[in-house]
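The following pair of complexes shares a single chain, chain A, combined with chain B in the former and chain C in the latter.
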Partner chain A sequence: MTRDFGVVWEHADRLVEGLLNTIILTLVGASLALLIGSLVAILLMSSSRPVRLISQGIVDLMRCIPFLMLAYLAYYGLPSLGLNLDNWTAGLFAIVVYNTAYMAEIMRSIWIGLGRESIEAATAFGFRGPRLYTRIIFPQIFLAASPMIGNQLIQIIKDTAFLTIIAVPELTHAASSIQSQYFVPFAAFIAAVLIYWALCMLVEAGVFVVERLAEVRR
Partner chain B sequence: MVEHVGSTNPECVLDIRGLTKSFGTNVVLDGVSLTVERGKTVCLLGPSGSGKSTLLRCVNFLEKPDQGSIYLSGRRIGMREGGVIPMSTSELAQARARIGMVFQHFNLWPHLTVLQNLIEAPIHVQRRSRDEVVAEAEMLLERVGLTDKKDVFPNRLSGGQKQRVGIARALAMKPELLLFDEPTSALDPELVGEVVAVMKTLAEGGSTMLVVTHEMGFARETANEVVLMDGGRVVEKGQPSEFFTNPKTDRARQFLQRYVSA
Partner chain C sequence: MTTAAFLSLLQGAGVTLVLSGAGIALGVPLGLLLGLIRWGRVPVLSPIVMVYVSLLRSTPAVTLCLLIFFAIPTMGIDIGPWTASVLTLGLNTAAFNCEIWRSGLNNFSPDQLEAARSFGMTPALRFRRIIFPQLWRACLPGLVNEMTLLIKSSPAIAVVGVVEITRAATRIGAQTYDPLPPMLVATGIYIVLIVVFVGLQRLTERLYGQAGAAA
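Our next item is the complex of A and B:
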């Protein structure tokens, strides 16, 4: 068994490469999902009923598609529409689409609880449009939503593992290729599990920091 | 009817004419007219539900009046000149930035420090230079006695301190007119004094103020004019010395009796 872990250690560079891809996919995917999700949240909170209904419908649809199905669609399905994405881009696309819906829902739920006082004051002081969102509304939402966003980040980290099925060279893919090449499944997968765990702890630490910032800003 | 272009009196900062507002079938304002001259303090008194807060909120179009007109220093608010076409959101935002507002529940921005609350709108709405705004904000904090709290977040302040920040935040906009919407109603009784004291110095310093309040002491000592509202109408207005000692209407007498006995 120790020998197995030795084998994995010898090929640690492949795990590191996989880890880097996992991290990049997570960070880029989460950032884009957060950004687009914010815009969708504005639609979800629109004063126009048709806008609300249509955006809510799309968000609900996205949340009901299994992530794996989205990954398949992005990689195998989109070429039928003339859109050929490489594995990595298709994987990122699936992550962004899927998580945009969740992020938008998270932000909407916080937005509703925000209370109209601070927004009303901003309106009275001449804030409107983009500046009202970027200066007054979203800073408060992000602070209050940090535990939920952190949770979603952990979800994204884990979801990237699915992308091995469309051959994205992320952490699970790396572990899988080491085990199949050297027949050390237990050691290879346990190593990957430990790395995933460490990654999630990092996210938790980040959430802890943001939560302390948020506490004094309520 | 001839549409007036502003007021004929250049000293008139706020000129409200024939304002009406209903929520559904509930008539909240029923033809209210009111003026506030430069440097004067007008107190709006009246029982709850008499429409005073709604009137105040109509002045900066937080509520949209149904009819009537509002002029700020001779310029129409909410509608373009002529009174037929509503202002665009950007025109309305510019107009609002000329009016300072102090809220019953303070409505500070919780994610910003005290100093940041003061400089936020001057920098990001009025687009003034940061250095200039910060220097002024620090002077304002000194005026309301909160220099030592400038880097503190609002939730660490007492109600009285929050409201003094609220007042300083409104002043930082260099407004032509200050609106106060029951500024002491949410405060513990022992904290009312510090806020009223700040408002008095403002009134005496020549700020133009329209104040909805239940603080009869403030109205009596500080106001240049008191306006009693009831059922969405102005029932009596006059100088405080007249109004409090020798009210002309029965409604005013009733109202004052309740407050004197309470």
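Our next item is the complex of A and C:
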């Protein structure tokens, strides 16, 4: 058993490379999903009923689709429509599309609970259009939503493991390649599991810090 | 897409349902047991459960499935892809269910517990007659929500070769060189499955549940 872990340690560089890919996919995917999700949240909170119903319908539908299915659709399905993405881009595309719906829903749930006072006060001070969103509404939402965004970040970290199925070289893929070459299944996958654990605890610690900041600003 | 292809997708849906059902049947009672250990602050076991829950909640289902499928046979125990799948889904969901049960237990009325104790009820009787009948109603929305998440993570078991919906769809796509139609149908099947589950959740909540916030 110790020898097995030694083998994995010798190939730690592969795990680190996989981990970097997992982190990059998570961070880039989450940032894009947050950005697009904010725009979708504006649609979800629209004063026009048809816009609200249609966008809510699409968001609810997206939340019924398993992530792997979406990754498959991006990787195998999009070429049928003439759009060829390599496996890394297809994976990122799937992460963004999938999480946009969740991010939008998270922000909507906070937005509903936001008092009308700050928004009315801002309009009274002449804030309108994009400035109302970027200076008044979204800063409040982002701070209040940080625990939920943190949970979603952990979900994204775990979802990136699915991308090993379409051969994206992320952490699980790295562990899998070490195990299939040297047949050290326990050591290889336990190493990956422990790294995921550390990563998730890091996110939780980050959420804790942001929450403290939000507390100070209040 | 041919009828045969559609039928094999439906067969995949059957496999997904059977394995998810087995995972739920393993994970819900196991989660209750873990939740009780945490709630009762059982010495030695309680910290172990805490670590288990934290670890399992941050482990991707795919990685867990690979670990179980490849590592358990090296310990001399024969395990097939189906058993590995049920273990993966069950052990994973048990960690989340533990937290759902535990929050239900933490919110349980202390007055009722004291009253039951003063009537001289044994812990087992207290659990069977007082706690559990109210607890499962309070926890139902959370548990059903976790079940829909389990179905959504079930494609992970395709990685060890179980032909469930997702794998059936890619197989048909590989045979016909036209992957889009089977995948769209497979996506449709998932949507139907999850909509049915959410509908069941609303129904059971109306019939038995307390008015709780469904996720």
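Quick notes
Simple rule for what comes next: the second predicted complex is superposed on the first by the 217 of 218 C-alpha atoms of A that agree within 3 Å, B and C clash if a C-alpha of one lies under 4 Å from a C-alpha of the other, contacts with A are read in each partner's own complex, and residues count from 1 in each chain.
Criterion: contacts are C-beta pairs under 8 Å (C-beta built on N, C-alpha and C of every residue); 3 or more make two chains touch, one makes a residue touch a chain.
Please read these numbers as outputs of a predicted model, since none were measured by experiment.
For chain A, the partner touching the most residues, choosing from chain B and chain C, is C. Of the two partner chains placed around the shared chain by superposition, chain C is the only one that A:Ala192 touches, whereas chain B remains out of contact.
By the touch criterion defined above, A:Pro139 lies against chain B but remains apart from chain C after alignment on the C-alpha atoms of chain A.
By the touch criterion defined above, A:Phe5 reaches neither chain B nor chain C. Of the two partner chains, chain C is the only one touched by A:Gly77; chain B is not.
In the superposition on chain A, contact of A:Trp88 is made with neither chain B nor chain C. With both structures placed on the common chain, the touch criterion links A:Gly126 to chain B but leaves chain C unconnected.
In the superposed model, A:Tyr182 makes contact with neither chain B nor chain C. Contacts of A:Arg217 after superposition on the shared chain: chain B is touched, whereas chain C is not. Shared interface residues of chain A (contacting chain B in one complex, chain C in the other): none.
Taken together, the chain A residues at the contact with chain B in this complex read 117-118, 120-129, 131, 135-136, 139-140, 143, 216-218. On the side of chain C, the complex with chain A involves touching residues 54-55, 57-64, 66-67, 70-71, 74, 151-156, 158-159, 166, 169-170, 173, 178-180, 183-184, 186-187, 190-191, 194-195.
Residue ranges of chain A in contact with chain C, taken from their complex: 61, 64-69, 72-73, 76-77, 80-81, 154, 157-162, 164-165, 171-172, 175-176, 179, 185-186, 189-190, 192-193, 196-197, 199-201.
Put simply, chain B touches chain A in their complex at residues 60, 62, 89-90, 92-94, 96-97, 99, 101, 103, 105-112, 120-121, 124-126, 153, 155-156, 169, 173.
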